[in-house]
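Note that subunit A is present in both complexes that follow, paired respectively with subunit B and with subunit C.
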Partner chain A sequence: MNAVDTLLNAPPYGWNQKKKEAFYTRELSSLTERHRRACPAYAALLKTLGWNPEKVHGIADIPFFPVRLFKDFELRSIGQSDVFKTMTSSGTTGQQVSRIYLDRETALYQTKVLAKICSGFLGTKRLPMLILDSRTATRDRTLFSARGAGSLGFSMMGRRPVYALDENMQLDLAGIESYLRECSDTDIFLFGFTSIIWEHFYKKLKEANIRLPLERGILVHGGGWKKLQRESVSNEQFKASLSEVCGLKKIFNYYGMVEQTGSIFMECEAGNLHTSLFSDLIIRRAEDFAEASIGKRGLVQLVSLLPASYPGHSILTEDEGEIVGIDNCPCGRLGKAFKIHGRIQNAEIRGCSDTYNR
Partner chain B sequence: MTHTIGNIPQNGIRFLAGSPDSLKTVKPLPPFDGETLLFLEDLAKELRKNCASSFPDIASFAFWCRKSNLCRLKSAHTYKGEFRLGRGRIFHIAPSNVPINFAFSFAFGLLAGCANTVRVSSKMFPQVEIVSEVISRILESGYPAIAAQNAIIQYGPNDEITRSLSLGADCRIIWGGDATIAKIRSFPLKPRGFDVSFADRVSLAVINEDAVAALPENELVLLAKQFYNDTYLVDQNACSSPHLVVWITHQGTPNGKESFWKAVADEARCRYDFPPIKSIDKYTLLCENAIRFAESNAFESFRSYNGNILSVVGLTALPIRLEALRGTCGLFYQFETPDLEPLAEHLNEKFQTIVTFGVDRKEIAKWVAGSGMMGIDRVVPIGSALDIGTIWDGYDLVQTLTRTIQYS
Partner chain C sequence: MSQENQQKYDKVFIRNFNVEPDQLTDLAYQTTPSWDSVGHMALVAELEDAFEIMLEMDDIIDLSSYEEGKRILGKYNIEF
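Coming up: the complex of A and B.
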């Protein structure tokens, strides 16, 4: 049985770190070897990084490479004809985007794992779903943007998904209200991207002084805080503001990357992000890439067992984070609990002539 | 006739120094003319007094145009029995990545006795504003011959201005990438005019391992310091910063590499500002090159010294497109060879400088000159990589920008 199948049969937050460590060390090693054989670019990289399977004693010994490489190279461990879909990161115009190649099996596992992780927050019964975005984000099925893929991926967790924004990103108030009337006796699953919810949902409701009855809503949102940080909106403010315009009480942020779609990290009731059975996270000190101790900030490395069609099972992000505890979060979930502090700062570029100070 | 700074004429040119009239007047001077030297000395003094301390690059420029250095330069260009004169008007197009180079370019033109139109980048650099302001002030204080025919200007993308300034130029000095140079070249100069182009280039180091192994500790530290100045000081972004270290070594040579890299890493640990983004950029470039150069199969496993501050990749062979193999923020490649022969076929016109230690530089220059290769214009000691001067990129600029008056 595939390693992911094994995990799908276990409770998603039910293993302690020690048990997971042993399982992951073995499975990540075999994934590394599999990609080494199937992806020549990755094999060349491993050689330069000095990969030696015999020296792997823990998850932290698995080689990792910067996530930017998915922008520069076509990294895949499957033949062109096996590519079922290609996902891209949602870069702004002019930026290079990451390209992630999925075969059918990998795509299927992404969906299953996402459902498994979400079931811990949404329950196992599928709820009516309101997507706080526009349908246009999901249009091109072969070339998925992270936003579109997110909406589509999560829409499998809900029933009869309805989009809250029209083609022009305007609030479809009549549609929302009629949908809410139909579902007045049940919990509702809401999903969206953090910045889109803020810009096109929260602000519009606030401006129009409209209060939506979403007391029974459960909101899952992700996609990064970059835009909100510019407006100095914290996670706490985000929650309080939404609660104010629509009575939402259950709001869960998630952290994830298009490079490891499916195995996302959910925020718990205690406000911590969590590793599930399907992924793990290591905080590394930028100055030497050694593991940072608990409570110390560093670069975030993500590992996941899902990436089988491309070598994305161990990637170094440009985000800064810290581990706040292991197997001891008050919410009861086992594994690592952590916080993300956002993107690292860009440096100034130095050029030809700082020659005098010697 | 004097004009105020920041005067923006209708055609979109902003004058940081000089005026519309000083774009037109041309009255060449002999190289190293007395008034020119006095002006540059004054400029150096003024810059050192006021603003050099907060900008190391301004300090570096001021240090270069101090009196003693100008005297040294003058005596190196005696042109005995020759009569020389500036060629006329030079149109300088300064780079957009290195703020202070506009000032060096301007000074080279002045020393040659030319009239200068210096176009600085439309990006706002404080160094450019500061130095231009001082230049403008000193020009107006009593250098009429220079003030009459020199201007520092700024304008946004505007082909018409570039075209008209080019049409009036006897020579054009272009600093920039290949695309910039190609674009500027499409505008004709005066019929007898010519371009001097300073394009993007790369550099390397050649070190004799025996010589390093024999160094006492204090001299090794000094060598590491100088290597640091050539590289880390500009994040290896300068054209003349080395990326590749070629070790001249033989069977039985004691190991000098390890002690050298350790000393460099120690120097970097003390001096280098190493925020997380640089660590990531460096690791990313290492991984990218491992993939880009996969076909060469030449990369050994990389080694780190003092954490991530120094990374070194051994090469078992020199890959094709060696010029594309670059480092950043303390990422180097090294290759061992008993002599320089394996390099010959790789040193194309993209290669500018060889910095050396423990080898005979004259021998290397001779080897370059005798080998028929297209690259290498400069062989200097480690520590001098960034010392820009009137001889640059293979040109003796004073010679190039002056004409000789033949008589018999």
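Coming up: the complex of A and C.
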């Protein structure tokens, strides 16, 4: 059984950090070796970094590289004919996009892991689903943007998904209201991207002074806070504002990126983001890349066991974050609890799913 | 009964993926352009409607071919 299968059979937040550390050190080392053999560009990179497998004693010793290399190089550990799907990050014009090459197996594990992580928040029963986006985001079926892939990946967890926005990104109020009438006796799963929800759902409801009955809704949203930060909207304000226009009480943000699709980090009831069994996170000091201590801000490094078809198992992001606790979050989930504070300064401007240009 | 189910099942695949009846037995996820992740969710919705069932998340993920689908529907007491 491979490592991911082992984890799929365990509760997604049920391992303490010590147990995970040992498992990950071993599995990430073997993934590193696998990619070294299969991807010449990655092998060259390891050589430059002076990587020595004998010096790996913990997760923090696994080599990492800046995530932007996926924009500059075609990094894959499978043959061209095994590429089953190519995912891209922000498709904003004028910016280069990351290209992530998936084979069938990696894509399948991404779906399974996403479902496993979310089941802890949504339950295992598929709920009626309202996607707070437009169908157009999934129009090109072979080349998925992070946004399209997100809507599709999550729609597996709902049933009879209905899009809340029409082709022109306008609120389809009649459609939403009729759907809500049909589902009035059950919980509803809502999914969308943070900035799109804010701009095209919240603001429109607020302007029109409309209140939707979504008291039984469970909203999962992600994709970055860049646009909202510009308007100085915090996570707390986002929650309070949505609650005001539609009575939503259960709102969970998630953090993740296209380079590690599937193994996302969900926000808990206590407002902290969490590592699941399928990924981990290390905070590094910007000045020397040494591991930062708990409560100290630094650059976010992400590790995941899912990237098998491309060497994306250990990447340094351009985000700033801090670990707030390990194995001790009041919500009861084990592993690391953390916060993200947005992009570091001077990083290339890039939002994972902030791809919609007005 | 089982023949009726077979016809219903075939009809869903033929209509949803726009394929000919003789292509059915070899049909699998991503072997025809229309059976991609978008087509997959449409297939799930149509099977659920036709047989009045609700598939579990794991079964949706495992529904990887025409033949495998029949085995999965068996779990919902639909016989072929």
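Throughout what follows, the second predicted complex is superposed on the first by the 345 of 358 C-alpha atoms of A that agree within 3 Å, B and C clash if a C-alpha of one lies under 4 Å from a C-alpha of the other, contacts with A are read in each partner's own complex, and residues count from 1 in each chain.
Note that in this section contacts are C-beta pairs under 8 Å (C-beta built on N, C-alpha and C of every residue); 3 or more make two chains touch, one makes a residue touch a chain.
On a predicted model such as this, the values are computed, not experimentally measured, just so you know.
S.K.: Report the partner of subunit A that touches more of its residues: subunit B or subunit C.
M.R.: After superposition, B is the partner touching more of subunit A.
S.K.: Applying the touch criterion given at the start, work out whether A:Ala41 contacts subunit B, subunit C, both or neither, answering first, second, both or neither.
M.R.: Only subunit B; A:Ala41 stays clear of subunit C.
S.K.: Could you look at A:Met157 and tell me whether it touches subunit B, subunit C, both or neither (first, second, both, neither)?
M.R.: Only subunit C; A:Met157 stays clear of subunit B.
S.K.: Touch check for A:Leu49: first (subunit B), second (subunit C), both, or neither?
M.R.: The answer is first: A:Leu49 touches subunit B but not subunit C.
S.K.: Touch check for A:Lys296: first (subunit B), second (subunit C), both, or neither?
M.R.: Neither: A:Lys296 stays clear of subunit B and subunit C.
S.K.: Contacts for A:Lys226 in the overlay, against subunit B (first) and subunit C (second): which applies, first, second, both or neither?
M.R.: neither
S.K.: Quick one: is A:Arg26 in contact with subunit B, with subunit C, with both, or with neither? Answer first, second, both or neither.
M.R.: neither
S.K.: Kindly classify A:Ser119 by the partners it touches after superposition: subunit B alone (first), subunit C alone (second), both, or neither?
M.R.: Only subunit C; A:Ser119 stays clear of subunit B.
S.K.: Based on the A-chain superposition described above, do subunit B and subunit C contact any of the same residues on subunit A, and if so which?
M.R.: none
S.K.: Which of the residues in subunit A come into contact with subunit B in the complex?
M.R.: 40-41, 43-45, 47-50, 65-66, 68-69, 72-73, 285-290, 299, 316, 318, 320, 344-347, 349-358
S.K.: Enumerate the contact residues on subunit B facing subunit A in the complex.
M.R.: Touching subunit A: residues 56-57, 59-61, 63, 95, 97-101, 104, 225, 229, 233-235, 237-240, 274-281, 283-284, 286-288, 290-291, 293-294, 297, 299-302, 304, 306-309, 313, 386-388 of subunit B.
S.K.: Name, in rising order, each residue of subunit C that touches subunit A in their complex.
M.R.: On the subunit C side, the touching residues are 30, 33, 36-38, 41, 45, 48, 54-58, 60-61.
S.K.: Within the complex, which stretch of subunit A touches subunit C?
M.R.: Where subunit A meets subunit C, its residues are 84, 104, 108, 111-112, 115, 119, 124, 126, 138, 141-142, 152-153, 155-157, 159-161.
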